[in-house]
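Multiple structures are listed underneath, in structure tokens.
Paired with chain B in one complex and with chain C in the other, chain A is shared by the two complexes that follow.
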Partner chain A sequence: MTFLQLKDVSFTYPNGFQAVQHINMQFDLGESVAIIGQNGAGKTTTVKLMNALLKPTSGEVLINGENTSKFTTAQVSKKVGYVFQNPDDQIFHSDIYSEIAFGPKNQKLSASEVKEKALHAAELCGLTKWLEEHPYNLPYAMRKFITIAAVIAMDTDIIILDEPTAGQDRHATKLLVDLINHLTAQGKTVITITHDMEFVANHFNRVIVMAEKQVLRDANAREVFWDHELLGKSHLKQPYISQLAYSLNLNEPIITLDEMVSAIKRRINS
Partner chain B sequence: MTNAIQKLYPSTKMSIVLAVILFTLMMPGYISQYSVFPIFIIIAFISGVGTKFLSAFIKSIFVLVLFIFVFQCFLIPSDTVIWSKGILTLYKEGLEASLLMTSKIIAISSSLIWFFLVTPIKDMMFALEKAGFSKKFTFVIYSTIQLIPQMKKLSQTILEAQKSRGIETEGSLMIRLKAFLPMLGPLVLSSIQQTEEKVLALEARAFSATVRKSSYYQMSKKPVDYLVISVIFIGFMIFVWWRFFK
Partner chain C sequence: MSMITMKNVYYQYPLEKEQVLKNINLSIEKGKVYGLVGHNDAGKTTLCNVIRGFIPSFYRGKLTGEIELDGKTIQEYSMGDLATRIGYSFQNPFTQISGVKETVFEEIAYGLENLGTAPEVIGEKVRELIAMFKLDALQEKNPFELSGGQKQRVALAAIIALDPEVIVIDEPTSQLDPQGTEEIFKIIDLMKKKGKTIILVEHKIDLIAAYVDEVIVMSQGEIKMIGKTSEVFTNKEVLTYGGQLPQVALLSLALQNAGITMPTIPITLVEAQQAIEKILSREV
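== the complex of A and B ==
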């Protein structure tokens, strides 16, 4: 059943700049979806519409059938969590535990529930051993996980991650992938805005391509990354492994390293 | 920048502001000070920034002036009561003090708002450097002026981040105050961090080098600037003579 739906949504900022036009999207629970597109395509505006930070100038955003225009962002935040690109915009407590526990406390949960959710989120994000630390004692990459944990602790059905791989090393990206897999397995929907095509190709089945304020395509990663016309229109590049496969004329829509290895092995064997 | 007033050299425009400030402080009463405001509305429209001037005045000064006016009116007691109802009593001296103070604030702020609307920051900095101020000094001024729109933008982002975590920001004054507190930490820390990054970026481009610096941007005083300064100077001297020696 569709949990989140954007129906013919357009949005114009007060200064007259139209950021998105006639957007249609729908998300079921348990999905992991990547939204990609060049800068200015309307990705961030779209996700801000999803958690009611912005209200559509036309069309409607429905969460579980209810129109977000009737609710404040704080009310919608119980269902849709949004992790901002810059963790430093969000962190304000002097220890990591309080920062993570802030969301569930705001939801007026009991002390034991707050503790349980905060500790669980901290564990998922690999923060358990630093709970007493000041958030700014941790490097930028880990501060990003503090903000992710803070949203996970709110136990929302939908979690939006804005550029989660920016500034992350291999270990952190692996942790992020495990986290997304865990959350989707729990029935949560993870929507990720990213410019990291390798990350999308390797870990997301469903990809929404945006360009010039509109949705150009909503398909699986393979279809998207082997549609050269679409990539041209949206000014996106193929993942490096797909570029290599294309350059080598392998005639296979490869998007991951494993697929490339298999293709080469097959050719050697034949 | 096509408007003749906007094209004036920054120090010429500043001399107009200084003249207004001195006039405001030296002139007794409040009528002439209040009359500075409509004059600056006209000047602002001639300068091509009329709407922005009115908007900036209403947003930044009007509420403050109104608050001071009301506060002074009712809180400075005297023997002469003009009006009274319940716990509110309007005294003559309170009203006069309000008029005197707010007229000065309105006159001075009008000139300053006009100045900042018609003078780009880079022009101001260039003029200060040309007047002999050090690059470090002008950078401090520049950073401070730039900080306001930056902090406004940053506070908007932080507010959105906090709203997304369930902080209610709409409603009563208490709710708004509660929402304000979580903003302060990230706002101050991010501002300090950004300043630090800017300083490093400047140092990486030899900001502290002791060699003589050149500038891509050039501007100089034109005959009209000297004319305006002369008129202001003569006009001000006449005013001083009229005010203190006549």
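== the complex of A and C ==
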């Protein structure tokens, strides 16, 4: 059943610039969805509309069928957690534990529950050994995990990650994959904005492509990565393995390394 | 000719127990592009900060060893001299925006104004950069009212505007879409053709493999490997340091596990295409 829905949503910033136009999207509980698309397409604006950091200029955002315009941003943020694109917009405590515990504390949970949620989130994000550090002593890419943990600790139904892959290494990217799987297995919806095509090809089925204020496509990764016209319009590229398959004229819509290995094996054996 | 030389450099942040740079020995040749790669918190940004002189003058802490820029020890330069000779773009593009200018155009002009450049020259230079970075549609916008990727492009344009001899760029494409990323690599290539010395911190290994001359692999504060791009990325040792190899190199390793051996490990798409075509036509 649809849990979160954007119905014909448009948004104009206070300076008069319209950033998104007639957006329609819907998400079920337990889904993992990637949003990709060109810089300035309106991805961040769209997800900020989902958790009511921004209010639609026209159209509706519905959670469980209810229009969120009735609720305050604080109320919506109990359902929809948003991890900012820039971690430094989100961090304001002087040690990592307090940063992560802030959300559950605010939800008026008991001291033991706050601690349990914060420590669990920290562990999922690989931060257990840094809890007493000042957030700014950790490099940018690791600060991002502090903000992810802070949102996970709030235990919302929906978690939005705005470019969590930016500047991450192999190990951290794997941590992200495990984290997303863990959260969706718990029935949560995770929406991930990313510019990393390999990450999307390997770990997502459903992909939403945005360009020029609008949604151009909502489909599976394979369809998206073999539609050259769509990729061109949205300033995207095929994953490297697909580019290779294309230049080799393999005539197979390959999107992962394993698929490429099998395709080559099959050709050698035939 | 060596542009930057480091000998036995060690560094420890104030109040921290461990050194974050250990035994750094390095010679950066004039006119070459270096890819500085490694896992998160390997010390890449810290090394950049040492080169730029922010360490020790801004961050303090304990720095030892010898650092030379263009034949003179770094202590002989004033912070102002270093700022003009070394262009530095911060890892987090959001902190790069000056905060004192109201349009993208003015933001890019800001550094040139500070250098006392003549207004006519500034106008011409800024227009050139706006074209190069495809910022035409954004030039009248407030820098704070840009998307993440747009801010990152502006931040880099503002650095290139100053025309420094050495360019140190810490993950300049982290927020950029795939096409925008490739455009930045093309600009880096253009800078190389103009004779600039470039140190580029990047996680996008496939593009590093296609564009840089030399690769420096860091792990846990040390330089573990350094050499020609084609040598470093054909060596799986990179993986043991928490680094990454290009997709096509990983493919050749996966094929090898499946009993299919490529004549050489490819690091670019073109090399991979040629190698696989050979295998499929049974030339090898």
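A few points about this structure:
FYI, the second predicted complex is superposed on the first by the 270 of 270 C-alpha atoms of A that agree within 3 Å, B and C clash if a C-alpha of one lies under 4 Å from a C-alpha of the other, contacts with A are read in each partner's own complex, and residues count from 1 in each chain.
In this section, a contact is a pair of C-beta atoms (placed from the backbone, for glycine too) under 8 Å apart; a residue touches a chain by one contact, two chains touch by 3 or more.
Keep in mind it's a predicted model, so treat the numbers as computed, not measured.
Look at chain A after the overlay: chain B and chain C clash there. For chain A, the partner with contacts to more residues, out of chain B and chain C, is C. Contacts of A:Gln38 after superposition on the shared chain: chain C is touched, whereas chain B is not. Judged by the touch definition given at the top, the superposed model places A:Leu124 against neither chain B nor chain C. When the two complexes are overlaid on their common chain A, residue A:Asp88 makes contact with chain B and with chain C alike.
When the shared chain is aligned, chain C comes close enough to touch A:Asn15, but chain B does not. Shared-chain residue A:Lys48: touches chain B; no touch with chain C. By the touch criterion defined above, A:Ala172 lies against chain C but remains apart from chain B after alignment on the C-alpha atoms of chain A. Once the two complexes are overlaid on the shared chain, A:Ile159 sits clear of chain B and of chain C alike. When the shared chain is aligned, no partner comes close enough to touch A:Val215: not chain B, not chain C.
In the overlay built on chain A, none of the stretches 78-86, 132-140, 168-176 or 186-194 of chain C clash with chain B except 78-86. On chain A, the surface patch touched by chain B in one complex and by chain C in the other comprises residues 86, 88-89.
Against chain A, in their complex, chain B makes its touches with residues 154, 157-158, 160-170, 182-186, 189-190, 193. Within the complex formed with chain C, the residues of chain A that make contact are 13, 15, 17, 37-40, 44, 85-86, 88-89, 137-142, 163, 166-172, 195, 197-198, 234-237, 239-241, 243-244, 247-248, 257-258, 260-261, 264-265, 267-268. Chain contact summary for the complex, chain A toward chain B: residues 48, 51, 53, 72-74, 77-78, 81-82, 84, 86, 88-93, 102-103, 106-107, 136, 150-151, 154.
Interface of chain C with chain A (complex): residues 13, 16, 38-41, 45, 91-92, 94-95, 141-142, 145-150, 153, 171, 174-182, 203, 206, 242-244, 246-248, 250-251, 254-255, 258, 260, 269, 272-273, 276-277, 279-280.
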